[in-house]
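I'd like to ask some things about the structure below.
For clarity, chains are labelled A, B, C, D and E in written order, and residue numbers in each chain start from 1.
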């Protein structure tokens, strides 16, 4: 269930050149600043705009090929598209809007699943209204519901949660995870919120000024600080792969193993599972010269400093390889098989602690700052 | 420059009852879940909708009074309204849209200020286009520019930054602060992002299901966990008032005084200033039984536990009064003149540390997690 | 003022002829308007021009052309007559045909204007939800263009009620068969001292049209209210 | 086929009369359409009905009513004549007046339809930016309704080109003054053997209308392109 | 049985009145269509189901005859009419001389026009042109005419006072309210104003012939006279039916 896009297109003076391949199913974040071409790219994938040239493949189905003159019309691409502007049908009720796609699709979702979607989106009380009588966030939810109920083969989501409050987002995000894990529906997800990206996405495509700068797994992408759209972000950090080992008796925390280190995070809802993804923001990682005791932070992890980047004016980003090297052999070697953590601290405090490359220190991380997420497949 | 709103209105089956008073100029966050009535309330204040009854006063000017039959038309209220949907004029160029309000206003902004706004919003390259050829975020920026250039007496902002990326937001937010501090323009700001609220707002109105639940200074509101829209939020926390005492020689950090405690935060750009606002998220506060040493965290603050709330399943919220009480006298007294900090830690770790009321512990806070903000006026 | 039997006859005839003319022309008008508004094909301009012909040509010429085309001695007319026993000349169906053709441009114009106002983004949304062109036409285009369709039908109905030249030329002025209100008015006016009779008939015409307008206003209001409910 | 001087005369006359009729009626049509589309006042329906009158009444009756209203002996007509030396009867200005009135409903309908399609939210935005009702009308309503205004003007122009009954009744059929193309066609057709002359004139009419249509299509395309640029 | 009669519009009242006693006598139903002679002639040529055609002038009957659309031997003149000059009742002019010098034109103000049926095609106008030419006034007057669509429209122009004079049939002048006759054209100044009647080609039946005979008879003649028509002096063609 891969997605391959290699197209070029022109909109007025704007040139769009997208080139990426996502080898796997799962959620792909499309990330880039305002006006970078995200919506245009999604329109092209959906078949609403025809690129000048190139090739698009979704799940091994060629939907567009300029040379072979293949151009599947949008309605045959079986995409569910949540538009940036809701685009609800003004003359139809909420209910008619919601079932518009479903009624046109032979493979319907089971009844219970439909109800669950409506329930989750909180739109049951709105069913009889028309879009003109909805609030901004309600429109967005109905639009999302309409795409989900149409039971698509791929979901294209253009900032689907931007007008929603935190609590509502927390209800919807797990559903996306469920869709990905249980229904295996690939998603291309445009968002500006790194939080959402980190929590959801398996892959990430970074676009800027119409060019796809990079694409790859979220693990590597969120660690990269060289890409303009990601650099300097407040919540940049690391995504780590771990597995659940056990939990405490009251099921309040889960104990994980990450490259031989024990980590404690808020309970993940499963007694044991091989695949967990953790998002740890650089700003949440504290560095201690000696392992502190009697602190609330549950994670005190031996790490080795492998890089100190001095790019920002008053903070430094420090790369920390998990584990204390027995010798200094690998000290300049960033990867070396072991996962790397990023910490951001003030320059002043780096200076105060006299931090240097190769030093064996401890990363102190509060459990509640870690976003953990169980995945049913290998990540 | 106060705002007083006391109205009731009906939209279909939706009842809106708003009742609040903001005594001061500054930025007021209007906070509530999707469909709670934020847009309706702003429409009423702008004069686009006429409430069934009530009274609205902006800066001591009665703009609506049901009994006195006062109802100033929208165009005479001198409001700058950034709509949730951009509402650009489709037949006019970006430039014509931007200057639409400005041209109709006798008191124009100085030329340089106009240029600065356009520069900041990054819309100079778009001036000749029409709205149909803009991306979602570009539309939002033009809409914002249009309202700002009209030089209003009050700004009503309905999620003005929701479609923008982090970097762009970081460019725009300081401008709002500047507007508030230098131009003294009051703002009513709808947003779902507590980050924005905490950074910008002086006051906050919380609305849910058409009722204004509470209003007051951001300091108290962000500390309240009893209001449904705020409860359980990932980034709930505390807003503290402090003053800048000095800085380090390289101007990398600022030293603050907050109720007699020294705090270290990333440099705030001023050598000394009496008024600083700090936003400290509960999830970023670590608790230590003894003051740890040799750690990167610059802030280790003696505090006393005054409350342990057990509302969440696997985390606890702990209220911490700044300073170690000489005796246990005030241990159950939340306020007692001293500011209170909130910490959220896992239940498991609270249990592990055997935390209890009245204990004298230390709050450990990384500098980089603190949002500091200088205000020119008393807060 | 109670109506004479002849007046009632003319009134009912006008109503029937205009009603049938508008209703029968409607599907064609929608078809043509759609082609003009949304289609991109060679000959689009020619089609547009042909639709306007009945407006441009004096009604008498239209009537004459109809007579030439649909007369029982004309190839088309005689074929229709012999094959289907459909006879337009000198029958009310002919009057309806003439009215339909003469009022056709009004319907097409109004519908086309409405179609062109439908937001393209909605079509895109419908397409991603699996709706093909015909489906989109019936689920979006038609309902969204409804105000224009009603407006067009009303204008066409009013124009049909007033149609004179084409009818008298094509199907003559036969009481009870083709003497509609305008022809009755004409007949009255031809008569010295017929002014009063003409005025009564004109008042009847106006009353009929007002009733039609009132109905359309109510329908429009209903549609708009629904869209905001 | 070269044109005879009489044909050219009729052509130019038609062009002048239709052009003046449409242009002079336009501001009134916009005013009335705005009142009907956006206004809420008592008598709105009556106004709507009056606008439709020229459609409903047979053109001959309209001509007769014009004669009664604007004749030199009628109060209004004589006042205009004596005060401004404006004389409608038997002059091309009278033909233009008749054309303007008869084609008025087409303009109003099309403009009204466009006005009703303007998104209300845009008015709200303009209002918060300090634009009063008149300002909004000129900065938003008019430009956004432009396609409808053009469509209406074109329909009215075409209808004017074909107008016959009201003109011949009101201002007679005077060569060089009021004998427009339709009147010339009518005259030809009423003469045994006049078919060829009538056909030539009809072709001229059609050519003129096509030119008008073509111009309007180009204008429309230009407007639409601008809206997407 | 229904007999369909296509009659010139100027016969509207007279024919309606004339048909009624015949219907009462015979039980036949007379259905009538009134329009301009040219319209009716073209319709009959196109196959209109008319049994009887009454034209306001000879020209359109000739035309139909050339098309072979009338039953041979059934054409007769049914009534005759006179041509008069009228003026509004309140006009200071009581009589005008049609032969004198200066002619009618001298009585016209700068913008005044004489209302007539269009001399290019309306029968009354064609007769008016003949008469004015014969009387030597055509050249002066031809540019001063208000050419109306039909006689009734010309009459209306005079009734409304828009034209100080009009040239119409005597029958119209007789019934009109607000006009007076100020001159009558000499009979020899124009071709005889006669209305020809004929059965159409496929309508040569006894029933229709009977009605035609009745129209040409005295009973009908009296009714036509009531409406101001003159009796036909000489039968131009054919023989009277039995």
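Keep this in mind: contacts are C-beta pairs under 8 Å (C-beta built on N, C-alpha and C of every residue); 3 or more make two chains touch, one makes a residue touch a chain.
Which protein is which chain? UniProt says A, B = Molybdenum ABC transporter ATP-binding protein; C, D = Molybdenum transport system permease.
These numbers were taken from a predicted model, which means no experiment stands behind them.
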Between subunit B and subunit E, which partner chains are common? D
Rounded to the nearest whole Å, what is the centre-to-centre distance of subunit B and subunit D, using the mean of the C-alpha atoms as each centre? 59
Using mean CA coordinates as chain centres, what's the subunit A-subunit E distance in Å? 93
If I count partner chains per residue in subunit B, which residues reach a count of at least 2? 85, 129, 133
Junction residues of subunit C, two or more chains touched: 60, 64, 186, 189
Could you pull out the residues of subunit E that touch at least 2 other chains? none
Return all touching chain pairs. A-B, A-C, B-D, C-D, C-E, D-E
Over in the complex, which subunit E residues touch subunit C? Could you list them? 4, 6, 9-10, 12-13, 31-35, 39-40, 42-43, 45-49, 150, 152, 155, 172, 175-177
Applying the document's contact rule, which stretches of subunit C touch subunit A when the two form their complex? 121-122, 124-132, 135, 139-140, 143-144, 226-229
Subunit A contacts subunit B in the complex at 11-12, 32-35, 38-40, 84-85, 122, 129, 133-138, 140-141, 158-159, 162-168, 192, 194, 229, 232-234, 248, 250-253, 264, 266-267, 283-284, 286-290, 292-298, 313-315, 343-350, 352-353, 355, 364, 366-369
Spell out the residues on subunit E that touch subunit D in their complex, using ranges where they run on. 36, 38, 41, 59-60, 62-63, 111, 113, 115, 118, 120-122, 145-149, 153, 156-157, 160-162
Subunit C partner, complex, touching residues on subunit A are 46-48, 73-75, 77-81, 83, 85, 87, 89-91, 100-101, 104-105, 129-130, 132-133, 146-147, 150
